[in-house]
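What follows is a pair of complexes built around chain A, which joins chain B in one and chain C in the other.
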Partner chain A sequence: MIIIFLIFTIISLFLRTKDAKSIQECIPFYIVSTLSWISFLLYMYLDSILYIFTTFEITTFLIMITLGNNLSKFLQLKFISFFVLTLLYIFEGVFQQDILYVYVLISTFIALWSSFRVDKKIYFPFILFNIFSLMKAREYIESPFSVTVFVIGAIFLLFILLKGRLQSLYRETSIITFILWLGVFTFSIDLYFLLTVITLLLTVSLFKSFKLKELNKAIDILLYLSSLIVLIPFIKVSFFLTLTWLAIFSICLFSNKRLRDIGECHG
Partner chain B sequence: MVNALEMYDWQFMTQILLVVSIFTFVIFFKRLKKYSELLVALPFSLSVGLSIFLSDNLVSYFFFSEILFVVSNIIYNNCYKLYNKRYFENVRYIFWIIIFFTYYNSFGSFAFNAVPRNTGIEFTFVVALLLSLIFLMILNFLLREKSSNSVAESIGYEVFTVSIFCMKTILIISDLTDAIPPKHHTIIDIMILLFIFVGSILSLQFHKSSNVQKLKSIIRALVILSLLPLLIIGESKLWENFSIFTLTIIAGFVFLELIVSYLDKSRIKLILVFLLICFISGLSPFGHIFILFKDLVDSDNQVILLLGVITSLLTISVISKRMFELSYDLEDHKSLK
Partner chain C sequence: MIELILITSLCLIFINEKISNKAIVSVGIRTFQIVVSSYCLYRTSVGPSAAFLGTENPSILFFFIGSALVSFDIERLSYKRHVKELIFLLTTILLISSNLGVVVLTTLLICIVYILERRTYFIDYISLLIISLIGLIYFSELSSTVLTIKDSYYLYLTEVSELIFYPLITLFVLVEFSRLNGLKRNISTVLILVPMTLAYKFKLANNFEQDLATVMSPIFLFTIFLKARNPLRGKSLSHSINYLLVISLFTSFTYLVIEYYESSIATSLLIIAIFTIYRELSNLFTREVELKKITACFALFNLAAIPLSFSGLALIDILSLTKDMSVFFYLIVAMIISLVTFSFTLKSLGDDLYVNLLEGSNKVKIATASLFITSLTLIFLNLSHYLASQRNTKLLETLIFGNKVDMFASGLLNYNLMFIIFLIGAVVIGYFVKVVDNKLSWKVSFRLDEVLRSISLNKIELRSVATKESKVESILEDERNEVEISSFKVSFYILSIFLIISLIIIEL
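Now for the complex of A and B:
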């Protein structure tokens, strides 16, 4: 897994340096990449869940406070997540995993909807850091409540796609990736499949943050492929919902491609 | 450190401070005319507020608090109405009369910490009326239309007067709640929940307001409301050193006031405001909610307790978002560049 992250970091550093007019522009990007790598290494050598949690909090705060945009929303969500964590003391044995799951939910939300002020491409190393933390948290947290959340999220997503007249998956990228992350977090997936999903999701966010124009169209297909892998364990939960999901995603992909072909003919 | 604090007679010290500051004010009257609030009003509120907190019977408690409430209308420069309607100004005297009657009926004396002779309906009335007094005082934060711009007044009136009054009342009630019969206790719990709901609804309407003074007093009101669920579960470690806890909360209020009014808009201000709001609302390791949850005994009223805490804290998070927006404006930052 660490090799995948290494490759993606190198690619992102290369892309960022290629775009820049001078090296000074890239310095925030380099700093954030280094910070995220420091916390990867700390994750690997720390055993206690408390230390891992502290590392995650400190890194998130450092990155967001120094470079983040829309800080008031970030701090509000952090306030709520701290409150959720204090609830741990009441339900020590019973709902412990569920409360931690809610905390993960809020942190994922913060990560995917964050934006940065100086350099918008900092989004990518931040996402890299968060997905690694998610993988680390996956070892510790296991709550039955999470499947229900995934089902609700899936229904919500399909409803949004239907409301947008099945036009494009690209427009709803952040919601789809949010739900796919939750799916990766919730279900137990075979190791090679897991690595493939992570690669696909990281590629999506790489394309999204660097805005590579030729490859933008590929995001639809990548989202479709990664949803296929998440849906394999999901079949056991709800067969009907899986079929609907696949049908709606295929229609989106098909109609989108047709529209694009027409557009290109006219253009 | 606590022992060192207890060595001094703080009541006497604040009285000396008041006398000295009044003397200097009188002697240098012409030069110090501008600073009357800082030199006279603040020490006065501080010393009488301390007397409220240290009072050990109902009569002195009533006496000091009424002095402070009535005199602070005169002593501060912008003489505003506490409430917009006369009804709210005067309804507390009716409360006081009933409290005196019922308190004497059930205790036989006016001293605090006495064992009640009679735990009937009169005794429940004492607790319910004291609770309503707290809520009435907080309503002043939420309903007042004119808000003052001076820092000294805000500290002197809202922190040293109303907050200390509310904390003392909570302390009195906490001694009484254990003796209440269980049937009456549920009524009190539902009353607390109702107060929290009404307070949250009243404060939620200001979530777009750009008046920082108003937002600050709303946060104060919500913090005091979030203390009320502590009364549902009587036994907690918090009551053992409640005076230290009061000191930290009051210090937090004062620091919040100073930071919000004197620092310029910047990231440091944003972080400080965030940390202070976390500290005041009890999410830090020394906070009341942390302590409350840490040694909570299973009981029937747990659901009401949780509902109260969750409602008040979610409301604080909504209001504090507006505070964060006002303490760090992106557009201002851009224009400076």
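Now for the complex of A and C:
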């Protein structure tokens, strides 16, 4: 897994440096990448859940406070998640896993909907750091309530796609990635598939944050493939929801490609 | 082996822009790839990545024929070089791998590559949906189960997927076949070979015996029926040949659903071979009209279900094998459609096919002789045990899969009886088509058209077009009636003499 992250870091550094007019522009990006790598290494050598939690919070606060946009929203969400964590002491460890799950949910939400002031491309190393944290949290947290949340999220997502007349997966990338991250977090997936799905999701956010024009077309199919991998364990939970999901996604792919073909004919 | 293919393909991609005669180099490299890989398979030294992808006793002949047909097919497509190489690599992996997970994944990838490159058709996405569902069920439930003593997957986790898994695979084959033919779509070997291979490799997952055939065959027949209006009008030769190809594929599909997997693969390989020969030769001889006519004749006679042609014999074989009354009925319907199409084509386009062999050039004579020998060889490779000795029964199938054909399998009616009924049927239908008025056939095709248009969703737009078309076609119809068709009579007499002689030979 560390190799995948290394490769993605190198690619992102390369892309950022290639685009830049001067090296000073890239310095915030380099700093965030270094910070995320320091926390990777800390994750690897720390074994207490409290230390890991502290590392995660310190890094997030450092990045967001110095470079983040729309800080009020970030702080609101962060304090809601802290409030959820205080419930741990109120219930005295009864709903421990569920409370931690809600905390992870809110953190994922923060990660995916964050934006940055100086350089919008900082989004990518931040996502990288968050996915790594999610993978670490996956080892500790296992809530029975999570599958239900995934089902609700999936129904909500399908509803949104239906409401948008099955037009485009690309437009709803953040919601879809959010649900897929939840899926990766919730279900136990075979190791090779886990690595593949992480690669796919990272590629999607790489394309999204660097806005590579040619490759933006591929985002739809990448989202479809990663959803396939997440659905492998989910098909045991509900066959018909999986079927609906696949049907809606493939119709979306179809109409999207159709629109693009028509656009190419006219333009 | 896979590494070698990868490296040579990469070479081909990189030097592609810098060389002048692209065709020769690409054909040379492709031949090299196929020959060396077959040699590797023969010596069973396949290399690390092929071993990782699970190659245990792959059939060399199957790989050789399959990849050769696929490479003919890819060179014709107008895709970019790297896409062609990717498709070739993926089909190679599919043909040699015996690991079911790899098979499912490669099929999915081939589907996606096709979707990214082709123009958008809705049916492509239906097949993507079906193959992804197959993959999901396989990886979530089947991959952890083991083969039981009965040689079938016994341990399904949910009832739904147990019911749905194998029908989905046959449905996938069906959808892929119906992707073949349509408006402006190209017939592609990959689309025939890939689903067939998938179904063959999953043959142990089949819990259904005869029930599946009764459900799946009529759907295929319905899709055939939907396209029946073009050949009735006798628009062009290539239309009728494509249509006959789809009907012959119905034969191999029925082999598949009544659980003769090996026969189905051998038959479809030979059908693709016939079609590939036709396509390549007619591309080669764009200038020489007579040679083009001869290749068209070759394709027509082999793909139509007339007795003693390739598809006709396959059809009789399967008619004598099937034990299900409904399947029997569907096959008879397919036979009638095929014969009617064939005779209508001869009737309306018979003049275009007329070649005077005796006065033709040497090239024409040689081509005719070699194509005749080729069609005889193709028929010889797929003979039933009633027509051949024990050693030569279903030769290709035995060579590819090395299994003994069951000599005593028989269904509702005996092979010989079937053959005679078939002969009489062919003569009757031929006579009927000869007698029937041109106006009636046009009328029928119009009625069919109208029925289809009333079914389809965008009928409002099409209605205005339909009135215009019918005006033009009524003028055409009048003109056509004036022309006296003479060569049809001659060809009909030749056919009936041919049939009588063949009957005598068989009875001796």
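Throughout what follows, the second predicted complex is superposed on the first by the 266 of 267 C-alpha atoms of A that agree within 3 Å, B and C clash if a C-alpha of one lies under 4 Å from a C-alpha of the other, contacts with A are read in each partner's own complex, and residues count from 1 in each chain.
FYI, contacts are C-beta pairs under 8 Å (C-beta built on N, C-alpha and C of every residue); 3 or more make two chains touch, one makes a residue touch a chain.
Small disclaimer: the values here were computed from a predicted structure and weren't measured.
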{"item": "Joint occupancy of chain A by chain B and chain C, clash or fit", "value": "fit"}
{"item": "Partner chain in contact with A:I3 - chain B first, chain C second, else both or neither", "value": "neither"}
{"item": "Chain B versus chain C as contact partner of A:A247, first or second or both or neither", "value": "second"}
{"item": "Touched partner set for A:K236, first chain B, second chain C, both or neither", "value": "second"}
{"item": "Chain B versus chain C as contact partner of A:L191, first or second or both or neither", "value": "neither"}
{"item": "Per-residue contact with chain A, leading partner among chain C and chain B", "value": "C"}
{"item": "Which superposed partner A:I221 touches (first chain B, second chain C, both, neither)", "value": "second"}
{"item": "C-alpha centroid angle, chain C to chain B via chain A, nearest 10°", "value": "150"}
{"item": "Lowest C-alpha to C-alpha distance for chain C against chain B (Å)", "value": "41"}
{"item": "Common ground on chain A, meaning residues reached by chain C in one complex and by chain B in the other", "value": "none"}
{"item": "Touching residues (chain side chain C, partner chain A) in the complex", "value": "112, 115-116, 119-120, 122, 124-126, 128-129, 132-133, 135-137, 139-141, 157-158, 160-161"}
{"item": "Chain A residues touching chain B - in the complex, by the definition given at the top", "value": "65-66, 69, 71-73, 75-76, 78-80, 82-83, 86-87, 89-90, 117"}
{"item": "Chain A partner contacts - residues on chain B that touch it in the complex", "value": "267, 270-271, 274, 277-278, 283, 289-290, 293-294, 296, 302, 306, 313-314, 316-318, 320-322, 324-325, 328, 330"}
{"item": "Chain A - residues contacting chain C, complex", "value": "190, 193, 221, 224-225, 228, 231-233, 235-236, 239, 242-243, 246-247, 250-251, 253-254, 257-258, 261"}
